[in-house]
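Next up: some structures, all given as C-alpha cells.
Two complexes are shown next, each including chain A; its partner changes from chain B in the first to chain C in the second.
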Partner chain A sequence: MSHYQPVERKVVTVPFMVLGLIAMVGLYFLVQRFILGMGPVTNLNGGYAWGIWVVYDIVVGTALACGGYALAITVYVLNKGKYHPLIRAAVTASLLGYALGGVGAFIDMGRWFQFYNILLPWNMNFNSVMLEVGLCVMTYILVLFIEFMPTVFERFGMKDWAQRLNKVLFLFIALGILLPTMHQSSLGSMLIAMGYKVHPLWQSLHLQPLLALLTALTMGFAIVIFEASFSTVGFGRNSETKLLSGLGKGIIGLVSAYLIFRFGEILLRGKFGLIFAGDLGSLMFIIETAMFIFPLAVLLSPKMREDGRMLLYAGVSLLFAGALYRFNAYLITMDPGPGYSYFPSFPELMVTVGLVAIEIMAYLVIVKKFPVLPKHAHA
Partner chain B sequence: MNRRDFLKAAAGGAAVACSGGAQARDNLEPAPEAVGMLFDSTLCVGCKACVSMCKEVNGMPPTLIEGKEAWDWATDLSPQTLNVIKLYKDGEGNVKDQVKDGFAFEKRSCMHCVDPGCVSVCPVTALRRHPVTGIVTFHVDACIGCRTCTTGCPYNVPHFDYDDPFGQIYKCEMCNQEGVSRIDNGQITGCAEACPTGATLFGSRVALLEEAKRRMALKPGDTYNYPMGDVRKPGSYHEKATPVYEKHIWGEKEAGGTNVMHISAVPFDKLGMPPLPERSYASISEGVQHTLYSFMALPAVALIGLSYVVRKNLDASEGETDVSDDEGKEEEKS
Partner chain C sequence: MSGPDFSYLEKRLGVSRRTFLKFCTGVAATMGLPTSAAYAMAEAVATKRKKPVVIWLHGQECTGPSESLLRSEHPTLDRLILEMISLEYHQTLDAGAGHDVEHHKDVMIEQNKGEYLLVVEGSVPVAQDGIFCKIGNKTMLEHTTAAAEHAAAIIAFGSCASWGGVQSAAPNPTQAVGAQAVLPGKTVVNIPGCPPNPYNFLATVMHFLTFGSLPALDTQNRPKFAYGRLIHENCERRPHFDAGRFAETFGDEGHRLGWCLYKLGCKGPETYANCPAVEFNDIGGGTWPIGVGHPCFGCVEQGVGFTKPLFSLAEVKTHTPPNAFPTIDQREESPTATAATAGVIGAAVGAAVGATAMAARKVHENDNASGSNQ
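And now, the complex of A and B:
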C-alpha cells in the first residue's frame, strides 16, 4: 500500500474560481501577444530585451521549482530517507514550476514559430550559455514528467508499468539532480556576458554560476518548507515541522556558503563601498542581504527552528531573498545605458500572474486527485 | 566509487569550476581581412546624410514626426534605424567639440566587435562573424527571437521589432547582407559613401587604425588633408585644421576591440560610450562555460557518479516499510 493519498476535498472552491478568473485575464492578454506581437502587450525595448516574462517565469520561476531537486539530493544522494514523504509534493511543484518556465520561454520567444531551431545540431552554438539553459530545461521538464509518473501509475493501478519504470527510475533521478545543477548555475553564468550592464554588486563574473546554484538550492529547500507548511494550514493536515526543521540545518550551510562567497567577492574586488553608496543598488543589496540573514538567524536558534511558524517565516524570507537576488541582477539594478528604462506593463504583468494562477490551480487539482501528499494518521 | 569518493569528486569539480578559467580563452584576434570604419567626431557636421543613405540602402522608412518637417527624426537605433547621429550638448552648447558649454556629434551603429558578444551568446548561431571580413551578420532563418544578443551587446545594437508579431532582429551588417553586398561588390558602406566630410571613413581595420594613430600624432592647429570615402583609395580630401583630439581610439582595445572605431575631441563617456574593460565579456563567459562543461566530460562523469549513488541508496531501502525510514520503494508496494 501507498504512503501517499489524495486530499479528499472538493476541487472547485471559491479560491479556485478566483484563480480561474485571474487566469482568464492572463490568457486574454496572451492571445493579444500572439496576434499583435510583443510590442503592444509588453514594455520591452532595445535596452531591456528581457522583462518579467524571462526574469520571473524562467529565472525566478525555475529556482522556485527547485524543491524536487533539493529534496532529491537530500533523499537519494545524502541518503536521508526520512524526508521521502515530502518528495512527491516537491516533484509535482517542480514539474509545474518548470512547465511554467517552458511556457514563459515560448511566449517570450520573438520567433516562437521556429523554436525548433534550438534542437537542430547544425544551429547549436556551444559557446552560448542560453543554448545550455534551453536544452537543459527542456530535458529536465521531461525528466520531471517521468519522475511524476509513479504517482500516475499508482492512481490508475498500473502496477506493471510502475514496476517497469522502477527498474530504471534511478537513472532519471540521477538526471533530475544533474540537469538542475547545470542550468541553475547557467542562469547565473548568463549574467557574465551582460558585463557592465549588471550592477557591480551583482556582477561577480566567475562566481555567477556558484552563487546562482547555491541560491537555487536555498530556494528549493525553502519552497519545500513553504509548501508543506501551507498544506498543513490549508488542508488541515498534520504538521511536518519536525521534518522541516531538519531541512533547516541544510539551509544553514548553504546560506552561510553563499554569504561567504558573495561578500568575499565584493571585498576582494574592492566593491564594498558600493553597499553604502545610498543609491538604488545599495538599498536593494541591503534588503536582499537582510532577507538572507533573517532565516539564518532563525535556523541557527534551536528553539525558533522547532517553531513551525518561525520556520515558515524563515522559508518565505529565503524565497524572497533568492528571488530578489535574481530580480536585482537581471532587472531592478540592471542598466543597459542612457535612454532606456523598463517597468512591466499591466498586460505583461497579468500574463505572468495568470500563468502562475494556472500553475496553482493545476497543483490543487493534482493533490486532490492524485496520491501526492504523505498519508497521515488521520488529522 | 563510494559516496564519500563521489562527494570528493563533486567537490573537486566545483573547485575547478570556481577557480574560473582552466580553459579560459583570450580575446579573439581581428579577422584576417577585417573591414571597418573610422568615425571622427570632430569632422561630423551632423547633417545625417549617413542616416538617410543607410535607410535607402537597407530599405527602411525615415522616422517622421507629424507636424514637423519631412526630416528623419530618429533619435536612437531601432528596427527602422541601423545608424544614427546623436548630439552631445552641455550648457549653452555653442562651441563644437568642447566639453563645457559645447557640443559634439556621435555616430551610433553596430561596432562590428572583433570578439562580438552577440555572436558568443546566440544559442542558434543566428549571429556570425565573417571569417575573412569580420563583419557581424544576422541570419533570420536560424533566429528564435530570444534576444540574448541584445543583452550580450555592450552597445545595445541588435534591435528586435516588437511591433511585428513575426518580428526579427535588425542590426547594421555593413551593407554586405545578401541582396545588398556592397562590400563584396567592391563598394563601400552607404554611410561612408554619403558622408560629405569624411567623418565616416571606410577601409580595412589595419589601415583605419593607422589613420587614427596618424591623426592622434598631429599637432593641434596644423592643417591636415582628411581622406574621404575609402581610406585605401580616397575619392577626395577635405583640408582642415587639426582639433585637440582625445588621445583615445575607441575600438582599438575596448572589450577586445571593434572594426568600427571612433575618435573624438570629447571624452567618450560624454558621448554615451559604455565603460568597457579590455577583456571581452564573451571570452570570460565562454571560459567559465567551457571549464564547467569541458565538452560534457564533467557532466558525464557526474551523471555516472549520481546514478551509482542513487541506485545504491534505492537498493539499501529495499524491504523497509516504516514510513519515516522509507527510501523510495513505495511505487512497488502500491
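And now, the complex of A and C:
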C-alpha cells in the first residue's frame, strides 16, 4: 500500500499555458545561442566569463535543489522517519533543479561539443575544482534519477523492479548524501580560486566550502517548506504546517552556525568596517544578512514557528538570503578588473526564465501523473 | 662485492666520498638520468682501471670552451676531471711544450688505438690546404684527420668545432668549418655554444665512460638531453612573450621590469639549448644571457649565431605572437541594464514575492480552518 498518490487534477491549466509561453520565448533565444554563439546572445565579456546562466542555473539552482539532500540527511542519517512523506516531492524537485544546472552548464559552454572530454580520464586535471563540480553534479543527477525510479515503478505497477531496486537503494541514498556534500562545498571553493576578484566581505578563503554547504542546507530545508506550502495552497491539500515547523528547528541551528562563522571570519580578519563602508558591497551585505536574521527571529519564537504563514515567509526569506549570498559573491560585488561591468541581456535572462518555467511545468506534470505527494485523508 | 672501494678514490682525488657522489648525482641530473645512473657513474670512475686517454686538439678559436670547463665548476672539479680521464694532450694545459708534447701525442695515439677519446676545440680552416692554422708545422686539418682515424669517440666542443663558429661567418676567408665537415663517415658529437655549457660536455663524457656509448643525438649530432628543446620553451620570460609584454629598447621600462626580449632580437625562439634550465657559473638566480637582460644571440645554432644580425627578429619555431593582444586598459563596451532586462528581473522577483504573500494568506486561512475543526 503506497503512502503517495498523484494529484487528481487537469494538467493543462491557465498558469500552465502561461508558463508554456514563457518557455517558448526562452527556447527561441536558446536556439539563437546555438546558431549565433554566445557573443550575440549574452552580455558575457572578458572580465565576467560567468553570467546569470552559471550563477543562477548552477550555483543558485543546485542550492535550491538541495531539498532532497537536506531531507535525506534528516530522514536517513538523523533517522527522523516522520518526515518521510515529504521526501518524494523533494527528490523530484532536486532532480529537476539539478537537471536545470546540468543544462545551464552545457549551454554556457562556448565549445559545448567538447563536453565529452570531461569524462575522459586522460584529459582530467585532478587539481581542478571545476572538474570536481562537473563530475560530481553529473553523477548526482544520475543518482537522483535512480532515487526517483521507485515512483516510476509504482506508477506503472512494476513490482518486481521496485523490489529489486529496493535492495540496493540504500547505496544510492548514501551517494545522494555524499555527492551534494562534495560539490556544494566545491561551489564555495571556486570562490577561493577567484582570489581578490571576490569582495573581501565574501572572500572567506578556507571557510568558503563550509559557508557554501551551510547555506545550501538552509536553502534545502527552506525549499521543502516552500514546496509543501505551495502544494497545500495550489492543490487544496491538508496543511503540513506541524511537520514543517519541525524542520524550522533544524534551520535555527544551521543559520546560527552560518552567522557565527560568517561574522567570526569578518571580525577576526578585521573586515568589520567594510560592512559600514556605505558602498554597494556594504549595502548588499546588510540586505543579505537581514534576510538571514529575519527567519532566525521568526523560527526562534515558538508561536510564530507554528504559524504556517510566518513559516513560509521565513522559508522564502532564507531562499532569497542564500541566493543573494551566491549572487553577491559571484556577480554583484565581484570585481574582475577596472572597466568591466556585466548585466544580463534580455535573451540571456529569458533563457534562464524559460528554463525555470520548463522546470515548474515538469514538476506540475510529474506530481499530477506520478505518486509523488503524500496521500491525504479527504477533509 | 658490495660496491666500489671509495677509499682508493678518496686518496687519489683528495675528495670525500660524499663530495664525489654529489658531483656524480649532479651530472646525472643534468642529463635527466635517475640516481641509479649517478651511482653507476661513480662506480665507473672509482673502479681501479686504466683511465681513458683523451687527446684534445685546438684549432681556430679563443679557448673559450676550455676556459668555461676549467672555471665554472666546483673547486675540486678541475682536479677531478683531470684525474678521471687521462688527459694526455691539451695545448693550453700541457706542462710541456714544443716537439716533446707533439711526440707524446703521437705515442699515445699509437698505444691506445681505438680506445682514446678525441676532443676537438676550434674550427678547421680548409682554404689553401688549411695553411691558416698550423701546430708543429702541421695543419689543423692534418692533425684532426690523423687523430680521428683511431679515436673511440670524437667530441666537437664549442660552436667553432661544431659548425665553424665565428670564423665561419661571411666572408670566411679561411673557409673555416667544423670537425664533422672534415671527418666524413665519422660520428662527431657536437656540443655547440659560445662558450658551451661545461655540464653538457661533462655529462656526455660521463655517459661515454659509464655506458660505453654516446647519448641519444639529434639530426645535427647534438646530445638530445641538452639540445632537444628551444630556449623559448623553458625561458623564464616566456609568460611575458605570451602576454605581449616586450622590452622595446635597452633600459626602457619593460626592459627594467624583466619583460620578453623578443623585440630586441632575442633568438631564443629559434635556438635549441638547455641554457634556461642549467644556466651558467653555478650561482643560480637566472645567471644566463636572457636572465640578466641580454637577448640570446643563438650562439649554438648554425645559421643563427654570428650569421643573423643581432637585433633582427627571430623566426619563432613554436608560434608567432599575434599582432594585437587582448586589451588590458580599454575594455569592450559592457552593456548595462536596460528597461527590458530590469523589468524581467523585477517581474521574476515580484512574482516570487507576490506568490509567497498569497500562498501565506491561504496557508493561514487553512490553518485557522483546520484549527477550528479540531
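Structure notes:
Assume the second predicted complex is superposed on the first by the 378 of 379 C-alpha atoms of A that agree within 3 Å, B and C clash if a C-alpha of one lies under 4 Å from a C-alpha of the other, contacts with A are read in each partner's own complex, and residues count from 1 in each chain.
Assume a residue touches a chain if its C-beta (ideal position, glycine included) is under 8 Å from a C-beta of that chain, and two chains touch if they have at least 3 such contacts.
From a predicted model like this one, the values you see are computed outputs, not experimental measurements.
Considered on the superposed chain A, chain B and chain C are sterically incompatible, since they clash.
Once the two complexes are laid over each other on the shared chain, residue contacts for A:13 go to neither chain B nor chain C. By the touch criterion stated above, A:301 is placed in contact with neither chain B nor chain C. Within the superposed three-chain model, A:210 lies in touch with chain B and out of touch with chain C [touch as defined at top].
Judged by the touch definition given at the top, the superposed model places A:345 against chain C, while chain B stays out of reach. In the superposition on chain A, contact is made by A:77 with chain B only, not with chain C. In the superposition on chain A, A:47 makes contact with both chain B and chain C.
Within the superposed three-chain arrangement, the count of touched residues of chain A is higher for B, of the candidates chain B and chain C.
Within the three-chain overlay, chain B meets chain C in a clash at only one of the listed stretches 182-190, 272-280, 290-298 or 308-316, and that stretch is 182-190. Chain A residues 45-47, 338-340 lie at the interface with chain B in one structure and with chain C in the other.
Taken in their complex, chain C has these residues touching chain A: 326, 329-332, 334-338, 340-341, 344-345, 348, 352-353, 355-356, 358-364, 366-367, 370, 373. Within the complex formed with chain A, the chain B residues making contact are 3, 14, 17-18, 20-21, 76-78, 117, 119-126, 141-148, 150-152, 154, 156, 159-169, 255, 272, 274-276, 281-282, 284-286, 288-290, 292-293, 299, 302-303, 306-307, 309-311, 313-314, 316-317, 320, 323-334. The part of chain A that touches chain C in the complex is made up of residues 43, 45-48, 226, 229-230, 232-234, 238-239, 241, 307-313, 316, 338-346, 349-350, 353, 379. Contacts from chain A toward chain B in the complex involve residues 1-4, 34-40, 42, 44-47, 49-50, 75-77, 79, 81-82, 84-85, 87, 105, 108-115, 117-118, 120, 123-125, 127-132, 134, 150, 153-154, 159, 162-163, 165-166, 169-171, 173-175, 177-178, 181-182, 185-186, 189-190, 192-197, 205-210, 336-340, 371, 374-375.
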